[in-house]
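Structures incoming, each one as structure tokens.
Shared between the two complexes below is subunit A, which pairs with subunit B and subunit C, respectively.
The block that comes next holds the complex of A and B.
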């Protein structure tokens, strides 16, 4: 034990800590001030609402310290993260507990500011200044070794990422590599310093801390402090509104560039395209590389898989939308036609509001795949449904493409007209064949009293309640989950349940949440046809995993996209229920 | 000295090359997959631009090859090359040795079902240009019932990234106008429309055909791509297109719609082609040595190409290539 209370080697640490604390507090205020007024109120209120407050506590521990989500995906990576985070957290806590229970400063003449100053660094260098009790000493060593075990995995991952089951890792620049090196060496230095008390190692330990904390704001490690704020904001139910402000900014800094979304992304079929994944988008936007960020935001298929698997729950697609909305694309649209459009029933003057009616909206994509429209019509006829087409001779777009390009006002004009037509028809159910439309009708329309169903759900219901009679055939099907139906709405079971009535359902290699985008997504503005084809082939191979006789989709766009690359017939689910009618 | 030359494909290209090679004193052998020689032109009624009966041309060519050894209903199952030349095994297990090989396997027609928005195979009255030729030859087709309004859609399966074919199929513009006149001859009272992106009237007399189509036959040529087709209650077809000259969307009801399907590479030769080490070009057709002086050559010494197997071609193009390939093969054999 050294009976001093101060040694100059604490100074680098103190400097670093002071810097990082100042930076974080300024940043915190900046982010909160950048929130639009309503959002800010909503955020502050959420902090004192018991339900969100509880969720906050649960996730602050679960996500920041124990990394529960990574454990679920990849236990080894989960251990690596929680060993470092939780271990570090514990040695800081124990350091402070020792300071306040063992009271090593009792009787030492330090008062006022000097006292605070001492308390600031004392727990970090405790062993140098004071004696630990055996129990504390054991705990400290235990957690220190825990951290080091985590670091060993990190080193192994760096040398050969496949060891931890990761194919592609994010590529880093100088600063990121440097801070990582500092992080890796902090704890070994501390261990050596504590065990040998060689001064040089105390200095190295302290300098490492300085480097780490000084570089923290400029590297991906900024995610450590930011993630806590992000969790609070997420629970408050905020939405990213501007690409580099407020909630979006908090998310940018919360992404540790872990790279899990790189392997998950359908674009990662080759190295070049894997540079378009969310990990890089977040990084470029964080580093204010706005050209690249804009390019990536426009390239992404918006399939949502990265959001689904992100261990931090970063809503990267929303940030990309806000990035798109920030660019004034030249779209000159003329919506004067909206005034003259009416439904078939309206034209023939036979609207009856007494009978429950089903309204079918094919949407423009389904208009281009008339087989689906035909099949739906036959199904509704056979089931004896009272139905009408909302867009038999071509109707109004649901508004999604305009929304996708960030043109909200234009989209609203179409939404208003469609809403009017649907309300006037007196229908109680709206059936859609296009998952893209489905999403818009679900999210953006206010159709009280009208049940919105995708045709997979509708068909399943017709079979279940006996209206549609089918017979099972010995055909092996595999079902592709369209992004907008599956990940966006969790419609996984109804289509599968329905298909099992008419054939055998095989599994794809990646299913449900992990299903791979067909590559045809309208979400991307600038993927080339060749790049899309590569994505499609990869997705088809995944579906062909168990050698099905036919591929079944539930989206007109997936249908067209797969049909070009599939070795077996590709059908929409509706077609099955025409072929296999009893 | 007689040398064997193996010609795979007995269409216009294969037959003409065989005729010329025989005159040069070599021994051409034709291996044809189908049950007769003639290839696609045997399916056509009259040829543009002169409305000359295709049968005349085919018959003339057939008479020239009657002494040439020909295998019908036969394909090449395997082929190998060594210092003596090529050794092929046919699907009937016969073996053929040859000094050179000519690939003249021609093209396939784009499967119109792949462009689902045009409704082929879904709506009754949508048919292809090939089926219309058959109607002209036989006078029979259930779909053609004294139609009052007929439409032709150009570029089906061509110049369309969405079906992975970006190239122009070259002959379908002229064919469409030829067929438009012909249908007008059969149904003088019908209104006939063609929907095109550009009219590619590339050959001698073709532009005159275009003028004649409009002046003498009153066919209406609309610049704009048909985007979708549907069927109304009476079974008539409703098409949507954009008239790009007027800058206006257009909707029209038709009795019959004819799809001008593009030429695509004939894939039945792919395995043999691979064995010979010949790749496809970016349009999916066979890659020749180069587009200028080496148009009949390939990456494989001793293997030559002619006709529509390397790109969409008209009959005169094809005959020209067949004659030039004969010269190339003759030189190849004699320089050895």
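The block that comes next holds the complex of A and C.
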């Protein structure tokens, strides 16, 4: 113990801390001010709404403090992160508890500003200035050793990432590597300083803190303070409207570049393409490398797996979408011809004359795979359904591909026309064969009184009601979850339930929310056919894990894509119910 | 002198006089354009082509002939549904090219 209240070695730390606090507060106000007025009001209101406030508290503890999502992903990885982050949090907390319970400054002549100032650094260098009680000393040593054990795992992960179940790790630049080195050395220096009381180590400890805090805003460790803000904004239900402003900015800074999305991304079939993953997109966009950010945003398949797997729940697809929407176009689409179509269709039209309850919309992709359309027609006829086609001889695109290119206003023209046609038909149920259409109909269309079903749900319902009679055959099927049906809308059980009526359902290696995109996604503009083929082969290999006789999918685009690479027949779910009809 | 009839204007394109900067820029960014065999699969499947004169094959031809304005007018009909890209026997990323032209 040293009978003094100040030593110059605390100054680097104080300087770093002051810098980081200033930066964070300025950043906080910047982000809140950048929010559009309505969003800001919505955000502030959510803070006092009991339901969101409770969700905030739950996630602030669960995500920021206990890192539940990382534990779920891989326990060793969870321990590594918790040991460092939670351990550090605890030694800061215990430092403060000691300051206020042991009252080391009682009887010392310090007043006013000097007293407040000591509060700032005392908890961090407590051992140097005052004596700990045995219980506190034990707790401090315990958490310090816990942090060091976490750092040892981190070092091992750096050498061989597979020990924590990670195949590909994010490649970092100089700044990120340097701050990581600073972080790794902070705690050993502190331990040595505390045990030996050698001045040099107290200085090194303090300088390491300075380096860490000074670099924090410019590196991935900015996720430490930002994630809390992001959680509050996420629960407020905000949308990323501009790629580098407001809510999106909070997300960019919350991304820890942990790289879990790299292994998850269907594009990570080789090193070159793994550079197109969300971790890099967020980094490039944050560092204002707008050309690269634009390129990655337009290369992404938009399958949503990175969003699903992200331990911070960053909605990177939304940010990519806003990035796409921010690209200016010289020539704007002109879909005024749509008006003419509708009148013609009505005049010649079956659409308004008979009024069947069920309306079937095949969509562009199903038009390219007419066997699905024929199968659906047969199924509806066998089931005795009253139905009509919305696009028998080619209809209007649903608008999702246009939306995916960021042209929101243009997509609305198609959405409006389709809505008009559907409303005029008087149908109460709309059946879609294409998950791409399904997503946009669910998200963007306002069809009150019309139930929207994907054909997997529709067929399952027909079988359940006994309208469609099938017999079970001894064929082994594996089902591929289309991204826009599974991850986007959680339609996992209906197709599986349906398939079990006609055959044996095997498991794929990655299923349901972990399902791998077929590679054909309309979400990507830039991928070449060769690159897509590589993704498809990887996805097919994953489906062939249990050697099925046939691959079944529920998306015409997946069907077309898989057919190029699959060693076994690929079928749409509708086809099975034609083959196996009783 | 008015004879009450006239010859229609020539559609002859003088390849030496036309400005191909747009097409060349497009070609540099998307070298797969060179592999097009003008089979017309893109046109045959086109969703917008069902209702209008929209044809990617013709857009490409117009750009090659320096008829930029006509190409740009036709491209406005596109719904970006991507069927053309899927059916292209040469694996040309047509959707990307369409987007590039409008930028």
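Quick notes on this one:
The rule is short, and it goes like this: the second predicted complex is superposed on the first by the 563 of 582 C-alpha atoms of A that agree within 3 Å, B and C clash if a C-alpha of one lies under 4 Å from a C-alpha of the other, contacts with A are read in each partner's own complex, and residues count from 1 in each chain.
One rule holds in what follows: a contact is a pair of C-beta atoms (placed from the backbone, for glycine too) under 8 Å apart; a residue touches a chain by one contact, two chains touch by 3 or more.
Everything quoted here is computed from the prediction, not taken from an experiment.
The superposition on subunit A brings subunit B into a clash with subunit C. Judged by the touch definition given at the top, the superposed model places A:402 against subunit C, while subunit B stays out of reach.
Judged by the touch definition given at the top, the superposed model places A:327 against subunit C, while subunit B stays out of reach.
Of the two partner chains placed around the shared chain by superposition, subunit B and subunit C are both touched by A:529. By the touch criterion defined above, A:137 reaches neither subunit B nor subunit C. In the overlay built on the shared chain, the residue A:452 is in contact with neither subunit B nor subunit C.
By the touch criterion defined above, A:368 reaches both subunit B and subunit C. Of the two partners subunit B and subunit C, more subunit A residues are in touch with C.
Once chain A of one complex is fitted onto chain A of the other, the partner contacts of A:560 extend to both subunit B and subunit C. In the superposition on chain A, A:65 contacts neither subunit B nor subunit C. Clashing C-alpha atoms between subunit B and subunit C turn up only in stretch 224-232, chosen from 8-16, 134-142, 170-178 or 224-232, once the structures are aligned on chain A. The contact surfaces that subunit B and subunit C form on subunit A in the two complexes overlap at residues 367-368, 393-394, 529, 560. By the touch criterion given at the top, residues 114, 116-117, 119, 122-123, 161-164, 227-231, 238, 240, 251 of subunit B touch subunit A in their complex. If you check the complex, the residues on subunit A that touch subunit B are 367-371, 373-374, 393-394, 529, 533, 560, 563-564.
For subunit C in complex with subunit A, the residues that touch the partner chain are 32, 45, 47, 50-52, 72, 75-83, 86-87, 91, 93, 95-96, 99, 101-103.
Subunit A makes touch with subunit C in their complex at residues 327-335, 337-338, 340-341, 364-365, 367-368, 393-397, 401-402, 405, 407, 414, 520, 522, 525-530, 557, 560.
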